[in-house]
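Common to both upcoming complexes is subunit A, partnered first by subunit B, then by subunit C.
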Partner chain A sequence: MKFTFKPSPNFRQAQSTQSIMRDLTIGLLVIFGFTLTYYFTEYGANYALRAVSLMLTSVVCATLTEVIFFKCMKQDIKLSLQTSFPWVTAIILTLMCSINVTYYALAISTIIAVVFGKLVFGGFGQNIFNPAAVGRSIIFASFAGSVSADVITGATPTAGLAGSNWLVTSSSEGLSNLFLGLYPGAMGETSFLLIALVGAFLAYRKVIDYRVPVTYITTLFLLATVYGMMNGQGIEYGLYHIAIGGAMFGAVFMMTDPVTNPTCASGRILFAVGCAILTIVIRLKANLPEGVLYSILLMNMMTPTIEKFMDGKQTLTLKKNVITIAIVFMFGILSVVACSFANNAQADEVVNNTNDTYEVSYRV
Partner chain B sequence: MSFFTGSMRQHIDGHKELTSKSTVKVVEAGNLVYIPLINMDSTKVEVLVKEGDLVKVGTKVAIRNDHFKVPMFSSVSGVVKANAKVMHTSLKPVEHIVIENDGQYLQQAPLSPLDHKVATKQELVDFMMNAGIVGCGGAGFPTYIKYSGECNIHTLIINGVECEPYLTSDYAMMHENLDLMFTGISAMLKMCGAKTAKLCIKVTKKEFIQQLKDMATNYQNIEVVSVPDVYPMGWERTLVSQVTKLKYEKLPSEVGIIVNNATTAIEFARALSTGMPIIEKYVTVAGDGVKNCCNVKVKTGTKASEIIEACGGYTSENVLLIAGGPMMGKTITNDQFVIHSYAGALTVLKNNPVVSMACLRCGKCSDHCPSGLQPVRIVNAEKVKDIDSLVKLDVASCVECGLCTYMCPSKLDVTEGVRRAKRYMALAKK
Partner chain C sequence: MNRKQNFINGFIKENPVFGLYLGLCSALAISTTIDNAIGMGLCVTLVLIFSNVIISAMRKITPSEIRIPVYIVVIATLVTCAEMLIHAFMPSLFTSLGVFISLIVVNCIILGRAEAFASKNGVVDAALDGLGMGLGYTFSLLLISVVRELLATASLTLSNPFTSDIIFQINLTSLEAYKISLFSSPAGAFLTFAAFSAVFAMIKNKSDAKEKGTK
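Now for the complex of A and B:
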């Protein structure tokens, strides 16, 4: 008869990190299923097949990279893979790419994402940046022109909106289709509705924290509405901003990545507010096609600072935390107002130049 | 504001159906009973009998004699043997008085019964002290202390929540002693001068709540309150906050509240009516490591091994034997310890291996900590011995309820990490 000693408590809930990752993978695959259906019906079997091949390329690359890494580090490969989840990074990364990305670009960025986004930091749980976001930024930075010439899709609504100085015009994609997601774009980012449903399910299963997407989407909507009102846009302008460019995808699958966001509730709310502000500022002012991705990477950098700032007994720091979040939100509104003035000044300048040089038709 | 702080609580599947419906089984005391010479953390106990003395059921055999006075009583009649050092539920070897049971159970009430309706407050407090009434929720805090002196109390909260998984002994106790419970509450109300007593029961016990409500109509100032089925609803601070919305620094008396366990009220009422101290306990024996899960009624000082045997023995060769519930109870490394006056359960679990992995930083520990702490940050700060952060993180507020470990999806021993941090801070202070 053996009476083993174990420190209390000796009672645990059923949910495990493995089950969290399994649920997350299923959620992502549901999105991918939608992508395949869309490309199959809209562009034909070849396109659907290409999407599958891209996905496989990335997953295999990620897994192989980890196998080689663990082999080099003389770790138990099977055990390490079971607690490292390379496929999650690969699936998210692939879903963030458009269908015409080259296999080469995807493979290289996957490897870089897994090695420099995750493994060198000490593996799962230790990384500072969201690995999938690292991979996507590599594609942005190094393989922007690396698209297959024989894969042709239409212009994305995000590019359309960015091209019209972030104002909704008659040529913009219809709002209802933006929410449904039946348009070309990043493979998994288009359907606001489906991602929201999957997100709600994952939040219900306690796989992701509902606070992050709810705060992010709400803040983004409010900030966009402020900009819209200053520029004579309708009340639906805010909806455009939350529907396009992977805002929902980023909110559900990347900002909620627990490894790279703060651990306390207030911290995660501040993180989401920060993401929303950076997203809209990058969209309105920066020379980048999209803001969601970089807002996540930038806020990942802020995570240790936020955590340090919010250390303490949460019931006692509650007031301080709420005030901080409110101040940051107000700062966001000011930023958007500043963006609006700056963009209008720029537009005026262009108009003034017109009278002198007749170049206007190319520039607006 | 659970949006900004997390829920600070969690519903737990309590497996209470294992024992809640079964009848209470009486387990006779063995040949020897052991009275532990300890109360809470204090072993400053004066022994009042010597080897060879004859004692009866209710004979005062020892008294805790420091700033608290807690008398201890024999639960059987027989002859005192030489003291023995035996494992105690606090996981320390402790001196015990050993009494050879003659099986006759001759009684000798140490106190004369007292009618709370005519007695003064001071008489009741003295009686409570002399009867050795301690907090039966598991802490064993001498109850009379809460009522001593000038106390400005407006509400008495009677804790019948029993939020530990597996445990149903409080429920069985309440169920079988309804009249005593109401008498005890009335006496306690008189002692503290509170206007109302709120008897808190988990909302899931619908029939029982109705039964209590019907009874409470006979008592103007006793109110039955249903509370959510979450852990740790039975913790003083969570319960006070749930029932009255009041927050306090150290003790609930700061905001005019006393919290007592329902079993404590019953034991007090029994002492008032018979003059007998706590000599019998209801104990839940449950878990997948024991054959027949049930509630048993035993004499205090009965060995765990005898109780387990009466319940059909162990189901596995390697078990975790827990004194108390699985959340806060300690695993004891042998079954020779005894049930004392404030023990209420034995949980026996098969020793299934726990496979843990790297922290996911999911923050579930911080979201659910009933003290509002951030266990993951505490554990990380302890790893790098960052004293400034540990001070800021208020490690001392941890009550080791175990909810952080329960929640952890990576199956880490979070609570143990926080305990390490507490020990480190205690050392650093010296």
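Now for the complex of A and C:
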């Protein structure tokens, strides 16, 4: 019998990083294709052209930034680009932006995302935060007001829901439209159905881990249902929360990022549950338009802790880690209940205040 | 020669902010405008020179067990004086710097130089070291704040802190649409600081390599 001694890893997958990234790119481009068709049919060729040139701007900026960076670091540019995949960050970032973002904002945030989100940490595979999420948060932080005036789309359903204290009203977008994605919003985040299909295909090809999106969407749905029940909403209320905003897009394309994710299955489930809890808490209580992005960034920060916590338990079956996950889940339900009480107390206060002024004016 | 070296070291090689990473808290917080940066920098420089001189003068009568409390008392007295003077004569600077003037007491540069330099060297050397380090701090604050103010507001304004008259102003109104408001927030301060530290580290490494080559 012959023994060979090689340093780990000894078990190699058939698929390479290159093929994984190629599949991911194809999946993203399918979603971009849907976006183009929607804008072409709904708003005309100008809007579709704008979407294409936004995408090109971002991809070119990301690639150029990496070329310059590698040139400064005196690395082999061609080899480095092949293992760095700048276009994936750029495509995800563009799909997360709405169509009226300015070219300048997108270009600057792409550059900052690629340099400070990825390259300074040591490039692809070393970054702590998802670079595309870093880029989107830069647009939120510094270009929130700068949108091109000549591009006009309707108000997004997320903004509508957030305006009505996250309760569904008669003016809210219909559920079927929300699932199909036929509404204005971030370019690639709208269609729940298409993203789910692409996600299923990618999971079948073993490009992404199916556990993360499934856990995330289920947890988000359950937590939203708890909130809906406490506020007299119908049973379909949870569906709104998973259909609007970047929930599905983030679940499929950003939470499954193998670089910023925990490595073991139970850790990933814990990661997804944490993301869902943060998403709904940010949506219900924070003064932000959307919670998915920041929940991903915050949980990216927790990844080393989860990794450390799971250290030595990775090989245990999921059954043995179920208690931990259940505790986190209960914590999520508690925080949603707290959010609900807090929101109601605020609403009561507003009502009381108006009563007071009414009384005062009556006496005068 | 040695004194000159000590003085110049404060700018590039031992720059307190980019080289030694001291006093970052105030450097990141107040470097939003060049007015703030210059005000804060000169204030720290004055306190640093005086504290270095006093501590160096008392170094032989200070028992080493209680030297840190002694330093703190000296520095806190000087900072209180500085704060009251700024409040009296430069009210606009006082409001924009806010709590960070009193926080000079715990600025690591001042305590660090007292411990590392002033307590071991003569009065003249200590004063020169204080001047060099203080100007180095002012210089780095100025660098960060020029970048931050330009990127965040597309203009640069330098005003006289005594009368709040504008001394000079650059207004890039044509680039108004291209400003990046991220740089007025702490995140922008960190990005600017990181970029400058990288450049300074590069210069330092190069000059170190050169010195090795000549020897």
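Here is the rule we go by: the second predicted complex is superposed on the first by the 336 of 364 C-alpha atoms of A that agree within 3 Å, B and C clash if a C-alpha of one lies under 4 Å from a C-alpha of the other, contacts with A are read in each partner's own complex, and residues count from 1 in each chain.
By our rule, a residue touches a chain if its C-beta (ideal position, glycine included) is under 8 Å from a C-beta of that chain, and two chains touch if they have at least 3 such contacts.
All values reported here derive from a predicted model rather than from experimental measurement.
S.K.: Return first, second, both or neither, reflecting whether A:7 touches subunit B, subunit C, both chains, or no partner chain.
M.R.: So A:7 only meets subunit B here.
S.K.: First (subunit B), second (subunit C), both or neither: which does A:104 touch?
M.R.: second
S.K.: Which of the two partners, first being subunit B and second being subunit C, lies in contact with A:287: first, second, both, or neither?
M.R.: After superposition on chain A, A:287 lies in contact with neither partner.
S.K.: Between subunit B and subunit C, whom does A:141 touch in the aligned arrangement: first, second, both, or neither?
M.R.: second
S.K.: Tell me which partner A:20 touches in the superposition: subunit B (first), subunit C (second), both or neither.
M.R.: first
S.K.: I want to verify the contact counts: of subunit B and subunit C, which reaches more residues of subunit A?
M.R.: Counting residues of subunit A touched by each partner, the higher count goes to B.
S.K.: Could you look at A:112 and tell me whether it touches subunit B, subunit C, both or neither (first, second, both, neither)?
M.R.: Only subunit C is touched by A:112; subunit B is not.
S.K.: What is the contact status of A:258 with respect to subunit B (first) and subunit C (second): first, second, both, or neither?
M.R.: After superposition on chain A, A:258 lies in contact with subunit B alone.
S.K.: Scan A:120 for contacts with subunit B and subunit C and give back first, second, both or neither.
M.R.: second
S.K.: So in the superposed three-chain picture, is A:311 touching just subunit B, just subunit C, both, or none of them (first/second/both/neither)?
M.R.: Touch status of A:311: first partner only.
S.K.: Go through subunit A and flag every residue that touches subunit B in one model and subunit C in the other.
M.R.: Overlap of subunit B and subunit C footprints on subunit A: empty.
S.K.: Write out the stretch or stretches of subunit A touching subunit B in their complex.
M.R.: Counting only subunit A, the residues touching subunit B are 1-13, 15-17, 19-20, 83, 123-126, 206, 209, 211, 258-259, 261-266, 268-269, 307, 311-316, 318, 321-322, 325.
S.K.: In the complex of these two chains, what residues of subunit C are touching subunit A?
M.R.: Result: residues 177-178, 180-183, 185, 187-188, 191, 194 of subunit C touch subunit A.
S.K.: Taking the touch rule as given, give the residues of subunit A at its contact with subunit C in the complex, in rising order.
M.R.: Touching subunit C from subunit A are residues 104, 108, 112, 116, 120, 138, 141-143, 146.
S.K.: Provide the residue numbers of subunit B that touch subunit A in the complex, in ascending order.
M.R.: Within the complex, subunit B contacts subunit A at residues 1, 3-6, 10, 12, 165, 247, 314, 317-322, 325-335, 347, 349, 351, 354, 357-364, 366-367, 369, 371-374, 376-377, 389, 392-394, 397, 400, 402-403, 405-411, 413, 415-416, 419.
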